[in-house]
Each structure stands twice: as C-alpha cells, then as structure tokens.
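Inspection log for the structure reproduced underneath, given as structure tokens.
Going in written order, the chains are labelled A, B, C and D, and every chain counts its residues from 1.
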Amino acid sequence: MNVTVKFFASLKEQFSEPVMDVELSSDQTTVEDIWKKVSGSEQMPENVLSAINLEYAQAQQIVKAGDEVAFFPPVTGG
Amino acid sequence: MNVTVKFFASLKEQFSEPVMDVELSSDQTTVEDIWKKVSGSEQMPENVLSAINLEYAQAQQIVKAGDEVAFFPPVTGG
Amino acid sequence: MHIEIRKTLFNPWTELDRYQSNENHRIGACASFVGSMRDFNEGSKVNAMTLDYYPGMTEKQLEQIIQAQSSANDLDDALIIHRVGEIQPGETIVLVAAWSAHRKQAFDACRSIMENLKHSAPFWKKEVTDLGERWVEKNTAG
Amino acid sequence: MHIEIRKTLFNPWTELDRYQSNENHRIGACASFVGSMRDFNEGSKVNAMTLDYYPGMTEKQLEQIIQAQSSANDLDDALIIHRVGEIQPGETIVLVAAWSAHRKQAFDACRSIMENLKHSAPFWKKEVTDLGERWVEKNTAG
C-alpha cells in the first residue's frame, strides 16, 4: 500500500529527497493527506500544485496504491 | 498638365496599354473623371480601387499635374 | 526592419535564420507566419499562379503597415518577404515575422501585419486551373 | 505531430526547415513562435537560467495541448521543442509551430498552444542573477 512521491523545482530543494516512498494509512488517503505526512502536517499551500500519474490532481483527490504523486510550484515554462 | 495612369491585374488586361499619359481638362479633375476618360465615360465601379502617388485615393480626390494615378481591382496578396 | 519583393523561390526558414543572426535580434519573442500556395481554391485544382504587384506602392504600403505595428506593439524588428511572378503549388508566397520583448506583442503584431497586408498591400493573384486562367477576386477572411 | 524536450542548444529555423521538408507539409499556412532567454527579468540582470521539468508528465501535457488545438482549429500538424537544463541569454527556450489550410486556424492554434504551455506544462525556471539564484514564481501574462 505504497505510493511514490516526487517533488520538483523549489519543492525538490525543500525536501530531503526528490523521490520518496510513502505508505498509505487508509484507502481514503487524499493528495493533501500525503502532503501533510511528508511535510510534517502542514496544510497544503495554495501555490503547491499536485499530480497523480502525470495528470493534474485536486488536493482532495483519493490516492491509490502504486500511484505516482507529485508536488510542484506554479509552472513557468515557455 | 498631364498625369501618368497605370493599370494593374485584371484592369491591365482590359485596357490596351498598362500605362497611359492623360491630359487634365481642368485643375478640378478627380480620380473618377480620369477613370471616365480612359474607360469611355463609364461610372467608376465600386470594386475598382485607385491610388495617387502610391497612396490609396478616393474617387472624388483632385488630381494634380505630374501625379501618378493607378486603377486596380481589390488586392489578393498574402 | 526589412521588406522584400522576391521574384524567385525562397525558403522562409533559411531567410529567418540569416536575418536573425545577421541582425543579432536574439532576445525575447518572435512570431512568424508563412503562407504557401495551395493546390486547390474555390473548388478547383490550381496548377500554378501568377502574382502581380505595383512596384513602389507595394513596398510603401508594407512599410506603413510595419510602422503602424512598431508603435502599436513596441516591436524590436519585423521582416516581410513576398513572392511575385510565377508560383508553383507548395511554394512559399509570404513570410511575416515580428520580434518583441514579450510574446503578446509579437503575436499581435505578426497577425496584424498579415491581416493588413491581405487587406491593403497591392498584390493580385491569377490562378491557372484546368479550365483556364482566372483572377482571384477576394481573399479568404482572416 | 512532434514534441521534444531538448537538453542542448537548438536553432528553431533549422528545426522548422528539417521538420517541414521531411514531413512534406508545404501547403497552406504555418504560424510559429520562438521564445528566447532574455538577459533581464523583474529588474535584475539574468546571467543564466536552469529549466527543470517533470519527465513523462511534461510530454503528456504538451501532447494533450496539441490534441485540443488539432480538433479546435483543424490542424494539419504541430511541432513543439522546449529546452531544459542550463540556458544562456539569447538561446532559444521554446519553439511552437502550427500548420493548417488557413491562416486563422494556424494563428489561433499557435497562440493557444503557447498560452496553454505557459499555463499548464510542467517546466520551472531558475534564474542566476548577480544576487544569487532564484526560482521564477510566475509567468508574464500572455
């Protein structure tokens, strides 16, 4: 019951590792629950974006075992 | 008291010569007067455009000696 | 700024590459448009095309079109190359490029230059179809 | 359709020339945009830049952006090349090109692809200024 968690850009520098394995505590775990767990229970800031399996996700979206969850700041390409 | 008159595109094919010298009959001669003269007194059709000295002109604009007057159909470049 | 009426085939990308490196306009945004000859129009196959223009007036109108956009959209530079004479399907008819610090201005200017060129630059297309030659009477909407 | 994330310097005109002749997309209209690194931003001189991205997600988002425009604007083809890694001032960051039968669709698609790329493709810029490094926090308006 694990998910892979990735960080990008400024968030990659804030976390000790750019990729983590995180255990799901329940089958109702949301993206925000994972954020709280990896960041030490802070609320998920508005300017943190998230994705599940390479698609943008909402903070309240449920995560499944095996998913790849990513956190990153607003994008600035182009 | 002459002007040079040029025709382009389909109008060039309608007139016997692509460039003509036309004598001004008065100092109040308009673009339309010149059109009537060279075309045999027809009214100037709406889809005939005109220019004086390389700038778009109105049918009622006055022409001066030495001007270059041009007649052409709607433009279709690009 | 550069405006050119070209009587022979040109490759728009080679022209852009040469112009940009010579003039060293490498910073910011460049929006460009390339129009090529299609082999069909108004229901007929078009085998070739002849483009007539008004030497002197055409260049002057194009210059005014660029000047208007230079002030409206804070352009750093602009380039127009337009073919005249005989043209075969697939060949480039027109290249328009606009350089600015930001993308909004570059896009707006490139598109406006192109629309104004279509609307007021004295060029005329004559198509050769299987049924004979015909002057194109109006441009497609932009 | 071609999407590419490039780790090294590229010349947008050479890429367009190669892509267009290989694929033989020579008919109609091509609108393109080239964005290059500027040497100043938000009041500071920028000496260099690093572009981070999310391998897998970035390509997937770009593909969805092109697909949306293909149906909305009847595109014949589209090309996106985007730099990542270390970039110097004047170097090309992004090339977007859209081909269609008519100029309206090509212009609309090229601009929409560019705006959607800025809005949703996972790329992140970090600038090196005389005062140190800083992540760019938001894009300029389009």
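Definition applied: a residue touches a chain if its C-beta (ideal position, glycine included) is under 8 Å from a C-beta of that chain, and two chains touch if they have at least 3 such contacts.
What you are looking at is a predicted structure, and each value in this text was computed from that prediction instead of being measured.
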Chain connectivity with subunit D absent, coordinates unchanged: A | B, C
Subunit B and subunit D, separation of their C-alpha mean positions in angstrom: 49
Gap in Å, rounded to a whole number, between the CA centres of subunit D and subunit A: 26
Separation of mean Cα positions, subunit B and subunit A [Å, integer]: 72
Overlap residues in subunit D, where contacts from two or more other chains coincide: 35, 103, 114
Residues of subunit B touching at least two other chains: 78
Chain-chain contacts as defined at top: A-D, B-C, C-D
Complex interface listing, subunit C residues touching subunit B: 35, 51-54, 56-57, 60-61, 82, 93-94, 114, 117-126, 135-139
Residues of subunit D touching subunit C in the complex: 11, 13-14, 16-17, 20, 26-39, 89-90, 101-104, 106-107, 110-111, 114, 140-142
List of subunit B residues in touch with subunit C within their complex: 6, 8-10, 12, 51, 54-56, 70, 72-78
